[in-house]
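Labels run A, B, C and D following the written order; every chain starts at residue 1.
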Amino acid sequence: MAHETAHGGKKPEKKTGRLEAFSDGVFAIAITLLALDLKVPHVTPLAPGLASALVAQWPSYFAFITSFFTVLIMWVHHHLIFRLVHRTDVRLLFANGFLLMLVTVVPFSTAVVAEYLRTPAAPSAVTLYAGVFVLISIAFYLVLMAAFRPSILDPHASEGAVARLRRDYRWGPPLYLAAAIAAPFSPWLAMGICAALWIFWALTTREC
Amino acid sequence: MAHETAHGGKKPEKKTGRLEAFSDGVFAIAITLLALDLKVPHVTPLAPGLASALVAQWPSYFAFITSFFTVLIMWVHHHLIFRLVHRTDVRLLFANGFLLMLVTVVPFSTAVVAEYLRTPAAPSAVTLYAGVFVLISIAFYLVLMAAFRPSILDPHASEGAVARLRRDYRWGPPLYLAAAIAAPFSPWLAMGICAALWIFWALTTREC
Amino acid sequence: MAHETAHGGKKPEKKTGRLEAFSDGVFAIAITLLALDLKVPHVTPLAPGLASALVAQWPSYFAFITSFFTVLIMWVHHHLIFRLVHRTDVRLLFANGFLLMLVTVVPFSTAVVAEYLRTPAAPSAVTLYAGVFVLISIAFYLVLMAAFRPSILDPHASEGAVARLRRDYRWGPPLYLAAAIAAPFSPWLAMGICAALWIFWALTTREC
Amino acid sequence: MAHETAHGGKKPEKKTGRLEAFSDGVFAIAITLLALDLKVPHVTPLAPGLASALVAQWPSYFAFITSFFTVLIMWVHHHLIFRLVHRTDVRLLFANGFLLMLVTVVPFSTAVVAEYLRTPAAPSAVTLYAGVFVLISIAFYLVLMAAFRPSILDPHASEGAVARLRRDYRWGPPLYLAAAIAAPFSPWLAMGICAALWIFWALTTREC
């Protein structure tokens, strides 16, 4: 909130606009490309076949919805971090680039789960899916560490907001790691953890 | 209009910019991806085959045009709602996220109709197509209810504009539901209702 | 130019920002999707096969380059029109929507030409390609007519700029129509006209 | 830096906003489309097959990461150039358009490398890949020459920044040309040069 209240004061000009707009673009494109994983089913006994083929694709819908809201939550949190930042440097740029690269991979790992969730290959598919989120939560932590240095942080950022984000973000890597470790034994449990986590992040997001 | 006229006065700063830009991005990408459903026909007796194969794809073109203008109208209405809003909260964020998720699904349901409109599976395909629009019109109503709360609404928003949107948006779910109910009996009637509705929304849009 | 010089005066606030940003988004996505038509060739006698297969795809590259610069020019001209406009209404919104819909179709018509330019089906393919540009140039004229009405036009727009655009845009439909008429007889002549036209538009664009 | 410090002075208004936003959009879409090259493997002995099929796709991941960070660096450098510019003209517009066209081609050349890096066709594939970067580095030089003319350059741009960019950009074409020349003899060496170069650009980027 420090950002808005200080607006118009002698706060140094915010220079992160173009990086935020570029990041928003990548988030928006990646979240929309998720829907490309919904494939038109190809059925031959047409009349009853299409309806049941569409229903049989429910693992695709489940993976799509989980990924969509997880990426949406990530976008909100990306915004929460950059609101506290007033300039960028090369380290923040590359931490952010690493994060964006992993975000663009989510449609791929989602497609792998959608294809293999109901097959004997589900453990591998869900390990990949949860593994990508482990890497993303580590990337978020790297962005956080690059952003919350004195030269980068907005001097008017509230210490409370910084401390809270720093504390909250410690939970991401171990929780997704738990899902990744569970995946080889119970893919469904692992997918359930991933689905529960975005709901948990959503409920604990106090501002946006 | 309250927004523009009050500009420069003591109106609280509008904080929805990044959410609107993100939503606009998703709308723009989803509307452009609709054209990916137009497939290059693969014909073997080449010379006369291509022209007639292109003509034979007219259900694709019809579904593409209907979806394009329906999403365009939705984008206009999204803008009409957010013009009256001066901040966001978690509830509005997720109502809007639910709406955006369904918008990204439109290219999928359009592709299903394009593939099956002239086959015995048309009833299932068109039920899906109209069903997605039923969900979208419900999502719009959820966004409206999240947006038009005292803490979210721009205090300078005209009461007339709020009341009119609130009234108009009641029509969306029942009208698309009528199309979804008609689809199993007459897919063509249902597609006709969907096409008629965007023309109706367009003619009744008084401002943009 | 009126727009910039009058900035800061008592000119009414420009309200077309979100429509321009949305249009820019659609142009940017459509122009980038053109590259999806470049397909990885699948060759079996690998060693010498890939290089010659890549070279053999030159009709794809030619169609890609022609479409890319044609859409780029269209984007510049879209900007030239909207610079003279200070508000939108439903008619302008739908004229612009019709234009954007056709722009999203360009990757499809380009893919058809890329697939069939060196086959006996080239006349049909190029007729479609030029036909889409005929429709786009008509859509541009509709946008121009919707934009240059007293209620929509920026009152500070220079009369010279308005008159010049009005005059220049008359040339689009007949010139692309000539390409479409030539296509059934000589697809290569028609493609040459399309390629020559974007170079011509580029050379005659005096400002951007 | 001249741009920010001079802000608020009598510097002529910056008129490149829409061109920069359009370019950013194309960069963001092209960088996100890179992930479409990651294909879901189709395996039949499912249980152990998927994990090893995913691992066997590592050339895809290597090409994806190299292309992602190379395009990210290009986007940073595009920003560095346009920060020093205060207006556009037709020559800059088309130099920039030529650059953007080549950027949209990167997902295609990346897909070719991902498909053929471990086959006898690797020399052709990597020559294409490095060749696209040779063209991009030439396009960057054309943009630089179009941008750093007196009528286009921001009169407050620091001479040091202009001279440094002018000097640094001379290195791009010969270094990527070295990779392209090495490709027919040793595709792996050439890919290594491309991967080393983005790390080199990253380390030598002093500001962003």
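Criterion: a contact is a pair of C-beta atoms (placed from the backbone, for glycine too) under 8 Å apart; a residue touches a chain by one contact, two chains touch by 3 or more.
Every value quoted in this text rests on a predicted model; they were computed, and no experiment measured them.
Participant: Which chains are in contact with both chain C and chain D?
Facilitator: The common neighbours do not exist; no chain touches both.
Participant: What rotation angle, rounded to the nearest 5 degrees, superposes the C-alpha atoms of chain B onto those of its identical copy chain C?
Facilitator: Rotating chain B by 90 degrees superposes it on chain C.
Participant: Counting shared numbers against all numbers at the contact of chain A and chain D, is it over half, same, or under half, different?
Facilitator: different
Participant: Take the average of all CA coordinates in chain A, do the same for chain D, and state the distance between these two points in whole angstrom.
Facilitator: 25
Participant: Determine the centre-to-centre distance between chain A and chain C, using the mean Cα coordinates as centres, and give it in whole Å.
Facilitator: Once rounded, the distance between the two centres reads 35 Å.
Participant: For chain B, give me the residues that contact two or more of the other chains.
Facilitator: Touching at least two other chains: 21, 25, 29, 33.
Participant: Which chain pairs here would you call touching?
Facilitator: Inter-chain contacts occur between A-B, A-D, B-C, C-D.
Participant: Inside the complex, what are the residues of chain B that reach chain A?
Facilitator: Touching chain A from chain B are residues 13, 15, 18-19, 21-22, 25-26, 29-30, 33, 88-90, 93-94, 97, 100-101, 104-105, 107-108, 111-112, 115-116, 119-121, 124-125, 127-128.
Participant: In their complex, what parts of chain C are in touch with chain D?
Facilitator: Of all residues in chain C, those touching chain D are 4, 7, 20-21, 24-25, 27-29, 31-36, 38, 40, 43, 46-47, 49-51, 54, 65, 68-69, 72, 75-76, 79, 202, 205-208.
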